[in-house]
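Quick notes on the structure that follows.
Read from first to last, the chains carry the letters A, B, C, D and E; within each, the first residue is number 1.
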Amino acid sequence: MDARDLLDLVWIVPALPALGAAILLLFGRRLGEPKAGWLATGLMALSFAWSVVMLLALRNVTPRTHTVDLFTWFPTGGLQVKMGFLADPLSITFILFVTGVGTLIHVYSLGYMHGDGNFGRFFAFMNLFCASMLVLVLGSSFLVTFLGWEGVGLCSYLLVSFWFQRNSAAVAGKKAFVTTRVGDFGFMVAMFLIFSELGSLNYSAMNAGASKLAAGTATAIALLLFLGAVGKSAQFPLHVWLPDAMEGPTPVSALIHAATMVTAGVFLVARAHPFFEASGGSALTVVSIIGAATALLAATVALIQVDIKRVLAYSTISQLGFMFLALGVGAYAAAIFLVVAHAFYKASLFLGAGSVIHASDDNQDMRTMGGLRKYLPFTALGFIIAWLAISGVPPFAGFWAKDEVLSRAYFAGDYGVWIVGTAAALLTAFYMTRAVWLVFYGNERFEAVDAAEQPEKHGFSLESPTVPAYVPPKPARLTHPPHESPVTMTFPIVALAALAAVGGVLSLPFRSVEFLTQWLEPVFADAPKIDVTSFVAGSTLEGISVVFGLIGLYIAYRIYRQGIPSPEGDPLPERLGVAGRLFQHAYYFDEIIANLVRGPVYRFADWLNRGFDLGIIDGAVNGVATLVRDAGGRLRRVQTGLVRNYALGVVLGAVALLVFLAVRAG
Amino acid sequence: MRDAGFPLLTFIIFTPLAGAVLVAVLPRRRPEVVRAVGYVATAATLGFVGYLLYAFDTSASGYQLVENHPWIDTLGVRYLVGVDGISLFMVALTALLFPIGLIASQTISERLKSYTMWMLVLESALLGVFLSLDLILFFVFFEIVLVPMYFIIAGWGHDRRVYAALKFYLYTALGSAFLLVGLLTLAFLHAQDHALTFDLRTLTVWAPGGLSDGTAKLLFLAFFAAFAVKVPLFPLHTWLPDAHTEAPTAGSVILAGVLLKMGTYGFLRFSLPLFPDASVFFAPMLLVLATIGIIYGAVVAAMQPNLKRLIAYSSVAHLGFVVLGIFALTTQGLEGGVFTMISHGLTTGALFLLVGFLYDRRHTFNISDFGGLWKAAPVFGGIFLAVAFASIGLPGFSGFVGEFLALIGTFIVHRPYAVISAVGVILAAVYLLWAYQRAFTGPADGENATLRDLKVRELTAVVPLLALSLFLGIYPKPVIDRVEPSVRRVICGVERGSDYKEPAVATRRAAVNRDDCAHMNTRELAGR
Amino acid sequence: MTVEAVVFFVAAALALGGALGVVLARNPVHCALLLVVTLVAVAIFFLLQEAQLVAAVQIIVYAGAIVVLFLFVIMLLGVDREESLRDPIPYQRPAAVALGAILLGEIFVLAGRTWATGAPSVRGSVRGRVDGQNLGNVQRVARVLFTDFLWAFELTAVLLVIAVVGAVVLARRSGQRAQLDEHEQAIEEQITAAELSEAAEAEEEPVTP
Amino acid sequence: MIVSLLTQARDVPNITTPSVDWLAVSPEVALAGAAVAIVLLRSIVRRGRWVYPASIVLAFSGVTAAAALLVRQWSEFQDHGAITTIAGMLRVDGFGVFLGGVVVAATALALLLSVSYIQRERLEGPEYLALVLLSATGMLAMTTANDLVIVFLALEILSIPLYVLAAFDRRRLASQEAGIKYFVLGAFSSAVFLYGVALVYGATGTTSLTGISRFLAANTVLDEGVLLIGLGLLLVGLGFKVAAVPFHMWTPDVYQGAPTPVTAFMSSATKVAGFAALLRVFQVSFPLFRNDWRPAVGALAILSLVIGSVVALVQDDVKRMLAYSSIAHAGYILIGFAAAAVTNGGASARGLQSALFYLLVYAFMTIGAFAVVTVVARSSHDARHTLSEYRGLGTERPALAALLAFFLLAQAGVPFTGGFVAKLQVFAAAVDARQYYLAIVGVVAAVVAAFFYLRVVVTMYTGGEEPADAAEPGRRPLRVDPPAAAVLAVTAAFTLVLGILPGAFLDIAKDATFLIR
Amino acid sequence: MSLAALDITPNYYLVVGALLFTIGAVGLLLRRNVLVMFMCVELMLNAANLTFVTFSRALNDIGGQVIVFFTLVVAAAEVAVGLAIIVAIFRRRRGATADDVRLLKG
């Protein structure tokens, strides 16, 4: 079979999980607990296997791109959109890690979701998510990508609010969907603009035509697309949904809100880079600034979080900022590299966090943990490797990827961005170290109690996700000592950690071993290259990067090496002072938005409804009716019942008539 | 054109009426027979419509299966019916929603006989609206629709039904009053030099050139009055929430699914072909109103405490997309408009069904009375959510196809309107998901914790709509292929009758090779 | 001043005076009698205009029959009481007088100088010879009545039948008394009360003969 | 006979009596003959038990004969054109025969409706029937009148029996009040009309309609003032009969107070006769002055539409509401009339045709509505017709309620009823005549009117779940007698057929417009 | 113009007729007694009659006089029926003011 014939079957990659989703949605309940999960996991594994086949097939194809059209989706006049898939290095890279990481997280979920009443539904949604994500990255046109884009949004909604009986979960899911929709608005308008300028939404048309566009138009398109990416990838100022999205089950946070979906924005910008390039740099500048700002701000917020998942959430936002930073300086391949590496270590971290939470009766407050290393050895192992990776300690993948990004930024001449990025890297090392020490080292700040005394079991739940205010810690009272998770859970953690450890080999910054960069070369061929001017400069930068990482690591170690004396005894808020409070409230961003929405916006909408719609418009309608009826009532009184009066009417009419005739006769 | 061999359209229009007559003579004490007749009549109609879909010639742009008989000779009024790509799917939608409406009406036992009769009469009338090619015949059906709908609301509605029904009647009747004067004026102006006729095809040929500029504008406004109320366009919409809220379930389904489309259909079928120049002139006004409607409908919907009212206002927003698309005057816009009409019929119809089922269980529409329903009724919650997403316009559902086309079609000629309207896409998610969150998620207590899940009967009503919405969202081609020739005809008519030129980008690679309007002769433009 | 003029003015004064009297006199009996004055004056006008037969009939039918019938009914019903000057509708009287004035003004303004603009005789003249014969007024009237106005004449027969039947059926004192339903009963009482108060009021006012 | 006797008088030179086409006067003769026969029977036999049944038979044979003769007249007219006879005072043309037919049909239906009503309310049957027939005679004379004197006489012949009939129920004060009000105002308007005739006579030298037309065509009247006053007063007098605003004020009181079948008769047949005169007088005699009177007619139409519709909104009595609605209907017909008053021949004919067709439809749907009212009033002695009486009728008597709803919807102009086609024709005529303002006012008024029709309908279908309080005295169970049922069936059928297949009737109405001059 | 030369033209009669007509009409509006109202109608009819006769002479057409006969018949018939109604309605009442019968209004 020819490689291209094989690539024609790329649709099987998303079709497998889609099939799984369909089966599970219809029969998930009947299949029951283990079978539903195994089916979903198995299909994901198959999908991964097929992705590998696709990779091999694509390697035998030149040029490295292949489009498959399944059927016509939009056959309208000049707008012809095919339901088509595009296999090129970029999409294949994505499907590989999506299916790969996805499979592992499916496996993990088998353990994590054990005993949940809606086990089947969970896997249905997970499969559906993977299918959508695969459609997103495989799409041959903006519209198909958008289909997947919205599909992952839907699944994110479904999975965040999976435990919908909790109000906070339901609200968080809605918030996630609506906030990303703001970005989708940009995506849609971008598509309108692309169509009206290029007459097509296909990527091939973009590649051919983008460079011919006026810079202004290209900038507009690029920024609109970036708006979409900002929403999806939780960049400032649309990042607010991601921390709340942690209400979802932890595998969801790992898969969707760390490894895959949130990187869709990165994918989009990478995919649409011709527009960004055609904008003459201005769009890219915006991307890099937003990216850098997000990286730094999110990192500061992560410093002081006490909820383990929230730390990871802000960390994700920050890391995504790095990715955009990379994109903004034109280091597309570096960004993708970071995406992949991040997928490994962040997934591992999340899964580890899930394991911790699982082990300690759904407690997520790090202040009431400590010393868990000995209870959860495998989890700790995975978590610690991933921590080293994210902190930028060589030779783990995070080091290579982050270093690649920062050095590209430096070489591209964006020194400001580089400084901000480096600072963020320092902070990253700090907050991750803090988390590791609070969770796995130091004193144990929990106590086991009898099951009988255990109050109603509740997860650490935010009262209202819109106000992530400081929550006073409750000492965790566990029904039993913390215990290691089953192998279905620990295996993915360790496996991902291992990938995080060695993932750097994908693209080492040495001429002949930049595998990923070279692999992606055809996709970004038209983008200007950033040359590493000298090996020395490169090495120096790497050194600086490592040093900064270690500094952050060390400071955290100094503070937390003994753990904290009591749950309330975290010294950090005090030391940071005003800044601490700012970080704690995530710069009050959520509060401001919430107050805006609840205050003026709500009041305006309420006035629109009650004051304007019911009062003015409907009031006018009813007013006319009343007016007519009143007129009827008044005219009715003319009918006095007196004959003479009636005759008066006749005479009046006659007189009027004669006046009229007299006037006409002149 | 494949010939049906028998007056298919007449059969379609009058089968439900025959059913109604049959119901009228049935004994009151046999409700099961009454129901059966209702089902058989609507199913038979659906069957005929199925045959129509088969017999429809996909490539033809004109009216097909035309039947033409004299009716009121002294006025030149004829029984003239025909179908084209635009009306085809309106007919299909109507024929589909009625059996479903009857399924949903299974809970009605009071005065079942008259209820069934009115439903069947309503179906006939609506089918007549979409199939008439004679202006008076159209008006007759357009107007008669009010009567059964009025009785259905007033007879089987909720608390404020009398007020709502009356408001509905008067509002819409007032609009159509001007339509009547308008179409009479049109025909008599034509009759100055020609035989008096109300044949749309003849008038379509004459009107664009035959009317003076000012007259055409006035007539456009007269037609506009009727259609805008029906749509309903902001600010003529306030009858809609009341009518919807008070109507029985099937009434709401039909009202939203089909009745509102009479307005937008009227724009497409009459306003554009007859007054192309005035349409172009007034298009900005309509676009503004549509845009306001989209945003306004969504914002006000979000504030509704009543689930049905919420959906009603969402209809205002959805229909805003339709009008937006139509008056964009581009291929994508018009097709988007038509498609949104179909899609809105499916999704909003389904939403009303579900809300009705909820009412059957809990006897309230107040969102605050619900909470956590998903737990007790997983299928209900799941389907409701799916329908809600279909209504939000999630890609993969039909709503997206329609709205996207309408917006993109608008964008290529009037960018600001499309951009502002696209905000409505965000807002749709806000109001529906917020409502869903309050009603279906969170902790459940009291009756909410023991809500019965959907029964098979109820599933039979909803699932086809949802499935169709999904199918059309993924594979809209069968619809668009049939709509496109007719839409092209309308646009070419507008181009011929005005200075307007559709941007090339909209048609560059049109599927039909006759897309070049210059090649369309007058006969074709008239749809003959 | 010709005789005709003298007679005309006297008759006109009588006619208008009688008419005004009918309108203004408060006692119905007086009204009826003043009506007779007007009717006679009109008959004089007829005579002045060569309409002898009509004049005669006017006296006989109108003054002789109709007014007598009026008087008869007044007496029968005992309604010869004077009516109150108070009007329940305040605007009625001024409006009536004003409208009357306008109406009159309009008639005069519109009519102008020439009233009779019509074509001269088409069916028999008032004066002069007809078919070469000199006919009396009665004959002239008869000729036209039984030729040109034959259909109208026949129709008057129907009118008379109606008058007879109508009068008989209405005036017949049928055995059944009016059975008023409650609503009507209430109004009846109201009216009676109003009547009583009005009567009391009327007694207070000075009676003008 | 009298004529022949007089011609034999010796001292009078020979009078050549006008030729009489007996066919032309035969319908009138049939009706009047039947009436006279009934009166004779009544006066000879007095109180026999069979007098009333015999009167019924006589009445219906009279009506049937009249109908048959009208049909004969129609075919005669179709074959040989209009008949002008008895010195030109009578003109049997399509217009007259058509409206005559409507009058006879309305009379027949009203009689049918009265048959059981008379017994129920214990009225003097034979006189009642005779008066209806005599009134109908006047109406027929009106439809074929070709002379203002005939119009005046016919007006009186049709009115005086109605005064009596309105006051016929002597147990009800309301009935007598209706009678006296109708009488006083009727007499007043007749006097006005007569003065108008006098002035027109003076201005043109003739009272013949065609004569006036000929005179005006041949001569230019410089001082047209008197003519205009006369014309105006004629409009007032006839406007009163057709209940056009502002000459309408008697209508609600009289319609409400009169026995309901009489109301049915009045509202339908009288209006037909009134319009027959109005249309004929103005179209035949004063076409040259149409620019003077058309705006006036238009104003009357608008006033009638607006006031009729608006005041009907606030009525609580069904009969009274129907009275106001009949005022509004007069407005529609006046639109047709105004539309007929244009120089464009086609449009003019359309206007006339629309008015004629409207009258036809109106007669049926209004009799139908009043028939239901008659039957429903059974429970309260024809005294009360408040809206609350109709509460729950929909559940109690679904068929009856459905019929009333149908008639009311027809009056509202809902499609597939005669009312719609009639309104359509009227509006089409207005548009054809370029009288757009009339069409617009008409359609808007129709919407307002829908409000009060629907109000009745809704009332019928709401409430009534509680058992109709049978305990209430005077409330007897509703029973629909066969004659009333027949009336309902016929009116409903016609209203429906005129709405669905109006073609044949429209053609007839069109033929009826041709030979009006 | 001297009085002696005064020629009584038809207009004089017609003016009197118009005055009579107006007086009758206004009288009907002013009076409350039904019988008197009815008398006012008679005044109006007489005005019409006078006008007919006057025109009859002015136009030299006997037709005008003939019409007066019909008017008389009509007046007689009206009076007969009208008075019968009045008798019927006011038999039980003391006054005959039209205002008293006022069940029907609005």
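Throughout what follows, a contact is a pair of C-beta atoms (placed from the backbone, for glycine too) under 8 Å apart; a residue touches a chain by one contact, two chains touch by 3 or more.
Fair warning: this is a prediction, and the values are worked out from it, not measured in the lab.
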item	value
Those chains which touch chain D and also touch chain C	A, E
Chains contacting each of chain B and chain C, listed by label	A, D
Maximum inter-chain contact count - chain pair	C-E
Core chain by centroid distance, with centroids computed from Cα atoms only	B
Gap in Å, rounded to a whole number, between the CA centres of chain E and chain D	27
Mean-CA-position distance for chain E and chain B (Å)	66
For chain A paired with chain C, centre-to-centre distance based on mean C-alpha positions, whole Å	99
Inter-chain centre distance, chain C versus chain E - centres from mean C-alpha coordinates, in Å	4
Residues within chain E bordering two or more other chains	14, 24-25, 28-32, 34, 37-38, 54-55, 58-59, 61, 63, 67, 70, 74, 77, 81, 84-86, 88, 98-99, 102-106
Junction residues of chain A - those touching two or more other chains	636, 639-645, 647-648, 651-652, 654, 658, 661-662, 665
Multi-chain contact residues (two or more partners), chain C	88, 92, 95-96, 99-100, 103, 106-107, 109-111, 113, 115-116, 118-122, 143, 148-149, 152, 156, 159, 162-163, 166, 168, 170, 178, 184, 187
Contact graph of the chains (line, ring, star, complete, other)	other
Interchain contacts, given as pairs of chains that touch	A-B, A-C, A-D, A-E, B-D, C-D, C-E, D-E
Of all residues in chain B, those that touch chain D in their complex	70-75, 111, 114, 136, 139-141, 143-144, 146-147, 150-151, 154-155, 162, 165-166, 169-170, 173-174, 177-178, 180-181, 184-185, 188, 191
Chain B partner contacts - residues on chain D that touch it in the complex	350, 353, 395, 398, 409, 414-416, 420-421, 424-425, 427-428, 431-432, 436, 439-440, 443-444, 446-447, 450-451, 454-455, 458, 461-462, 502-503, 506-507, 510
Contact set on chain D toward chain C in their complex	2-3, 6, 12-13, 15-18, 20, 25, 32, 35-36, 39, 86-87, 89-90, 122, 124, 127, 130-131, 134, 137-138, 141, 147, 149-150, 153-154, 156-157, 160-161, 163-164, 167-168, 170-174, 201-206, 211, 215, 219, 221-229, 380-381, 383-384, 474
Contacting residues of chain E [partner chain A, same complex]	25, 28-32, 34, 37, 98-99, 102-106
Contact set on chain A toward chain D in their complex	628-629, 631-633, 635-636, 638-639, 641, 643, 645-647, 649-650, 652-654, 656-658, 660-662, 664-665
